[in-house]
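Have a look at the structure below, then the notes.
Chain lettering (A, B, C, D, E, F, G and H) follows the sequence in which the chains are written, and residue indices restart at 1 in each chain.
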Amino acid sequence: MNKAFIIDEDRKRRLGFEEVIFGASKSVALLSDLLKDYVEKNKNVLITKLQAEKAKHLLEDFKTAFYDDESEIFMLSHHEISDESPTRIGIVSAGSSDIGVANETYYTLEYMGVKSEVIHDVGVAGLQRLLDHLEHLKTFDILIVVAGFEGALPTVVGGLLPQPIIAVPTSVGYGTAKAGETALHAMLTSCANGITVVNIDNGYGAAMSAFRMLNLIEK
Amino acid sequence: MNKAFIIDEDRKRRLGFEEVIFGASKSVALLSDLLKDYVEKNKNVLITKLQAEKAKHLLEDFKTAFYDDESEIFMLSHHEISDESPTRIGIVSAGSSDIGVANETYYTLEYMGVKSEVIHDVGVAGLQRLLDHLEHLKTFDILIVVAGFEGALPTVVGGLLPQPIIAVPTSVGYGTAKAGETALHAMLTSCANGITVVNIDNGYGAAMSAFRMLNLIEK
Amino acid sequence: MNKAFIIDEDRKRRLGFEEVIFGASKSVALLSDLLKDYVEKNKNVLITKLQAEKAKHLLEDFKTAFYDDESEIFMLSHHEISDESPTRIGIVSAGSSDIGVANETYYTLEYMGVKSEVIHDVGVAGLQRLLDHLEHLKTFDILIVVAGFEGALPTVVGGLLPQPIIAVPTSVGYGTAKAGETALHAMLTSCANGITVVNIDNGYGAAMSAFRMLNLIEK
Amino acid sequence: MNKAFIIDEDRKRRLGFEEVIFGASKSVALLSDLLKDYVEKNKNVLITKLQAEKAKHLLEDFKTAFYDDESEIFMLSHHEISDESPTRIGIVSAGSSDIGVANETYYTLEYMGVKSEVIHDVGVAGLQRLLDHLEHLKTFDILIVVAGFEGALPTVVGGLLPQPIIAVPTSVGYGTAKAGETALHAMLTSCANGITVVNIDNGYGAAMSAFRMLNLIEK
Amino acid sequence: MNKAFIIDEDRKRRLGFEEVIFGASKSVALLSDLLKDYVEKNKNVLITKLQAEKAKHLLEDFKTAFYDDESEIFMLSHHEISDESPTRIGIVSAGSSDIGVANETYYTLEYMGVKSEVIHDVGVAGLQRLLDHLEHLKTFDILIVVAGFEGALPTVVGGLLPQPIIAVPTSVGYGTAKAGETALHAMLTSCANGITVVNIDNGYGAAMSAFRMLNLIEK
Amino acid sequence: MNKAFIIDEDRKRRLGFEEVIFGASKSVALLSDLLKDYVEKNKNVLITKLQAEKAKHLLEDFKTAFYDDESEIFMLSHHEISDESPTRIGIVSAGSSDIGVANETYYTLEYMGVKSEVIHDVGVAGLQRLLDHLEHLKTFDILIVVAGFEGALPTVVGGLLPQPIIAVPTSVGYGTAKAGETALHAMLTSCANGITVVNIDNGYGAAMSAFRMLNLIEK
Amino acid sequence: MNKAFIIDEDRKRRLGFEEVIFGASKSVALLSDLLKDYVEKNKNVLITKLQAEKAKHLLEDFKTAFYDDESEIFMLSHHEISDESPTRIGIVSAGSSDIGVANETYYTLEYMGVKSEVIHDVGVAGLQRLLDHLEHLKTFDILIVVAGFEGALPTVVGGLLPQPIIAVPTSVGYGTAKAGETALHAMLTSCANGITVVNIDNGYGAAMSAFRMLNLIEK
Amino acid sequence: MNKAFIIDEDRKRRLGFEEVIFGASKSVALLSDLLKDYVEKNKNVLITKLQAEKAKHLLEDFKTAFYDDESEIFMLSHHEISDESPTRIGIVSAGSSDIGVANETYYTLEYMGVKSEVIHDVGVAGLQRLLDHLEHLKTFDILIVVAGFEGALPTVVGGLLPQPIIAVPTSVGYGTAKAGETALHAMLTSCANGITVVNIDNGYGAAMSAFRMLNLIEK
């Protein structure tokens, strides 16, 4: 059979960013082919949801690549971030179990050349931790709020702060957490106004929607 | 056929409270029969989830009965509450749409001879409203927290206050609120510790579990 | 009992917008009380998801109010929109059955003082209709994309255009459309990058999240 | 106990094709017995959804068999396809992660003596990739469209092309992709007309329904 | 606002059939506008899932229209079917409760100029009724099999007959019938090979996919 | 079109009972046609799940028919039950709200010529009510146990008594009762051994499965 | 802590059979303790759903035990079955993948001293296989029908044969088979009358309900 | 990045208990960091849902820690329980498979300095086992009732005893047990009054809500 993929070469021109590879369901062989193609064309590469075992194989052949265990992000080079560039995006996580998804957002933004900062573990069961960060949170242009279990954090943040808020439900929890479905539904039915939501564990998608919003600032 | 019901006469002795009638699925004819039986035996009656239309019919025959539209509670007499008795139970509701369920709890407790107080509309999207009531909320022995939509309120209350907390999800909301399922699941997966939960819209059940807990005080 | 609601008076200061009333589960009596309170305080009012029958009752007492049948939006006065203000937000709907939700977004934005434009009926089954509007769509700062059934439109738009895209699933369809759940899930798992999503039929929420994003432009 | 299977010997006469073995839930021992029975009767064999580990065992005993890792297809000989026979069926896949299911269709058709062609990776996030293939896609009699995630591809294809379209949802994706359920429901509620759908990951079933349709041409 | 719909004028050229109107979620006012537009342009019209009450209003203004209560189909003129044209499509229904969906298929085909025949009430609980029709069923080019409850009929038909089979689950049943979901899932997991499926109650979609298949015969 | 039904004339010979009509989804016109056909052929008729409004219409034309509001059963004559025939079947219901389903079983058995007895309102929340009936329950050959809400009654009965137990979940309850699904699942996962289950609210089905079991006694 | 189990010593007297052990969620240590207790008391033991790995450990200590891989049944001695005893129960399975569940039924009955026979692989996709066995199936007192995928077999058998029918859905299949849920729901909504159902893969439960029915014969 | 967690230092003052660590989704590295932080601050530690493999690693570094395989509880020191302190809490489990969850409750209470007692294996299928313990159960202040499968035990206990009852559904069972969802829903819809419920397998949460209730006694 012919090559099993076609790179969307035109995406950069249309959307301002290039295609990214979803790693979870691809075989090492297919991923390796894809990477070679990207390298040949002198393109950057980002692979998301790449299982550690598969990453290990790829790292043997692509030794300069970066891989982060918690977020399952794999990168081959990325955009430069100048030290002066402002930190426009705050990533707020409810619990330390959400670190993987928060990191997925952080590294994706880094790959896109956007500086962000992660504020960990400010879940609403200990409300003071959030209130202590309130003034700092006001300094960001966009807030990405990551939470599992009952997913209440974006609602509380959205009631306190006026920025665009991108809520990311995570699959952290058990039983009625339903692998993130409860956090997702809670975020979508938030009684705080104007919160938008991405797929469960989709730290990558949150970064990309923040990236789209950054277009508004530059105008 | 024979009579379609058997009253659990012994319940009072075993549990300290009498049987209550679930009104939603019973015909007016059957309810009327039941009421007559109770009246004859000189017993108090509480009917829950009684649709307004059916209540209207019953009120014609049982003129001294009390009926509340919002909570669909129907009562024939109830326990006396002395003015000196302490207000042990605080009922906290997230939004004014939760009034029906909050009332169901309130009237059930009144029927059982227990004084309570409802604090309306302190949802977490306007956190200050809750924080303003914090000192007052500390005075109750037990807190019943009623919320629809994303159901975040019990989590925030549970992170701030040490009392027993009975969370009541309501079917207020639409779409991913899933008729109360999202609030229910959010409350069950709360990252605040030691919250217990009752069925969706089950203001009655919350009152009864609070009633069971009051046994602990009297010891 | 005391008054069943507490207006979050401080919201304007914190978030830049005032509290809005969810109409679907409130009785006419409660809504009427709320409206009087708002009018007394000389505040604007927006009620969402207000059933036509209840609106009819309220319009008798509040004769200057505006009510739109398709979107179930009820407004008492609103912000002025100057003719010169740019049309920053494009609302794109997949089918003419989505008109109610599209209007909910449109009127909410109008209420907030933001000009928008609705482009109806450009669903992907007749792709050319969308492609014909492409150049026009490029002129908006933010796109709100409304679709029921399989909810594919935001994915196609998101693959063609770089702006922030807020996807609104609608409950239009039957059977496996599952009252909007399928469109919702399709939008959340979109293979186009950086799309964010709000609750099913939540035209109001889409408008409010666009409103939050407008903060970015003004900087 | 007696033999645990009965081959439907008459199927070829009734339906024009023979029984096929579902491999996923059968033990190696049972599969081996079945294969021996088929070989003895001089019949072709196709096993679907055969896990790699089980295939490995069977390949030791049935050395001439063909096995494809991506599609988990196992075949013992098959129908001849003459070089002149037209390529009636186009298999279109949305992403390179769908390769396993696309291959299952391809090899099943090959086993049935039907020539097909796979066009990979033309998902709607990069619409141009599909539009570039449009003229080529017009040359097929039947289109089988394979997609995971939000499953939008069959809708777009169905709006552009008049042939019979068999949509195959795949379990590619995570979170709200719900192991293929979202793509399935999206395809079933497609706003494009006249699309039919098979089970999630059922590349085999798509091939067989195409095979049934080929009867119409030969008339 | 501008007109709330755009007719896909080009569909006939692309796909061989024109746009059809989904009636269930549209207001009478919008439908009336649409109909006038179609009539002006001298086009045929088919509205599906049009509730009887709304049909009544439209029939007052469009007196020559045809409306069928069971199927909720509304038509303004349609294609001629010559008496000599062969009856290519057999519509088989499991029970007499499925008549609405079977009729939706029948009238849609009539509207498209295609002759079909309905064979009612041959469900598998009385298998002989089906076996009695077997020879007759062999004469059709395509079979559309309509069933509610457990949806077993397409499986049995598919095991007996070689034609293309389009299975249509109906929402007939209660409890675990889950408004057609069980029949849908049963048809999708059929152990008979090569059955394709459309949405629950989607008699219209079944007709349209049969229409696409008829292209194969004419070649 | 031809007649929309085919009566399974042979069912009596095969199974010992005749076809029965599912009333819920049929129009009055269709039901009336069916009834005339049955009457003409001098057959008994049983219609299940017939809504009261439709029954009213039919009773005008079929004046000797029996209709029971609670169970929605409609009968035209039935089998004679001799006074001496033993009462083989005990129908046990958990609450008085289950009366409709219990009656459906009772009248179906009466229609089949089988004597049964209903013991109402012996739910497990007042265990003594059940224990009081234990000796009486031992006298039946088969027990049909009807329960809504959490559906615990069949489990308790099944742990105390050795007869065949047919569990019937009812849709009585709200919220997490999920229209009978919870009772259904509870009965299917009962920790008591050898309980079988029928569809939610399927009092008719329980009667018919008991009828099949009675064949065992007569041998 | 004290011993983690209490054997229900009285069950044999009440129900005619002894307690059985659910093996899936118990540790080897706990199972070993339980077995010792049974052996000491000179009781027979049946463990269901015992994973192969755990069985291996137990077989080392209880060398006379019987274990069957396909059904995960573990037995320590059982009831004698005399050669003359009639084969009262026919176990019919739809496909050879259902062998595990069919065996669970078979061995449980054997353990209870009841003779049964398994007829494999007579699924409805090849209807003739079932019709060929029809006369043989008539000879059994009770039929247990095991099927996965769309679960149509019990419906067809129930339409052809008058005996009590216990339907057992299996988790065989993928995608919309939903781990047996589809077969379960299909069986519960069967259009054939008087079929009863047990939990998914519950071959054990089917055997036990048949055992309860055998009581009827002996009377 | 900075440290990925913030300990809620103030929790003890607010709620009377300290933060606890959810172990299931955290890496060994992160857990190790957390433990060191706790040890340094001289705090007690409780980790819940810690997989055995991860526990093994941590036990190497924290040799004085306690770990229980069945409950996956990990503790570093805990509160002293004096021998004279009353046993206020009874933990009742339905089956011996529920031992893990019952232990989670037991050890959490021990960690909090509260004495409890576990009564195993008194499920309702052998009702006598429960009735035998009734007098003993009356001596506890609070009852925690743990059950899987159909989850009927809390209902029966709640109908017999007046204390506060905290129901804990477990994921024990298969098929329609739905990993604890059925037991959960059954407990939430219990026909016994005043039962409260915690998340599936949440033995920890049950202990904590009992701990909150103990506040009532001390007053």
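Of note:
Simple rule for what comes next: contacts are C-beta pairs under 8 Å (C-beta built on N, C-alpha and C of every residue); 3 or more make two chains touch, one makes a residue touch a chain.
Bear in mind that the values here come from a model prediction, so they are computed numbers and not experimental data.
On a Cα centroid basis, the chain most remote from chain G in this structure is C. Between chain E and chain F, two chains of identical sequence, the interface residue sets overlap only in part, with shared numbers making up under half of the total.
With each centre defined as the average position of its C-alpha atoms, the distance from chain C to chain D rounds to 42 Å.
Mean C-alpha position of chain C lies 49 Å from that of chain F. Contact of a single residue of chain E with at least two other chains is seen at positions 95, 125-126, 159-160, 175-177, 184, 188-189, 193, 199-200, 202. The list of touching chain pairs reads A-B, A-C, A-D, A-H, B-C, B-F, B-H, C-D, C-E, D-E, D-G, E-F, E-G, F-G, F-H, G-H. Only residues 1-6, 8, 10-11, 19, 22, 24-27, 30, 34, 49, 169, 171, 179-180, 184, 199-202 of chain F touch chain E when the two sit together in their complex. Within the complex formed with chain B, the residues of chain H that make contact are 14-17, 20, 141-142, 159-166, 184, 188-189, 193-199, 202, 204-205, 207-217, 219. Of all the residues in chain A, the ones that touch chain H in their complex are 69-70, 95-97, 99, 103, 106, 118, 120-122, 125-126, 128-129, 148, 172, 174-177.
Within the complex formed with chain C, the residues of chain D that make contact are 94-95, 123-127, 149-152, 155-156, 158-160, 173, 175-178, 181-193.
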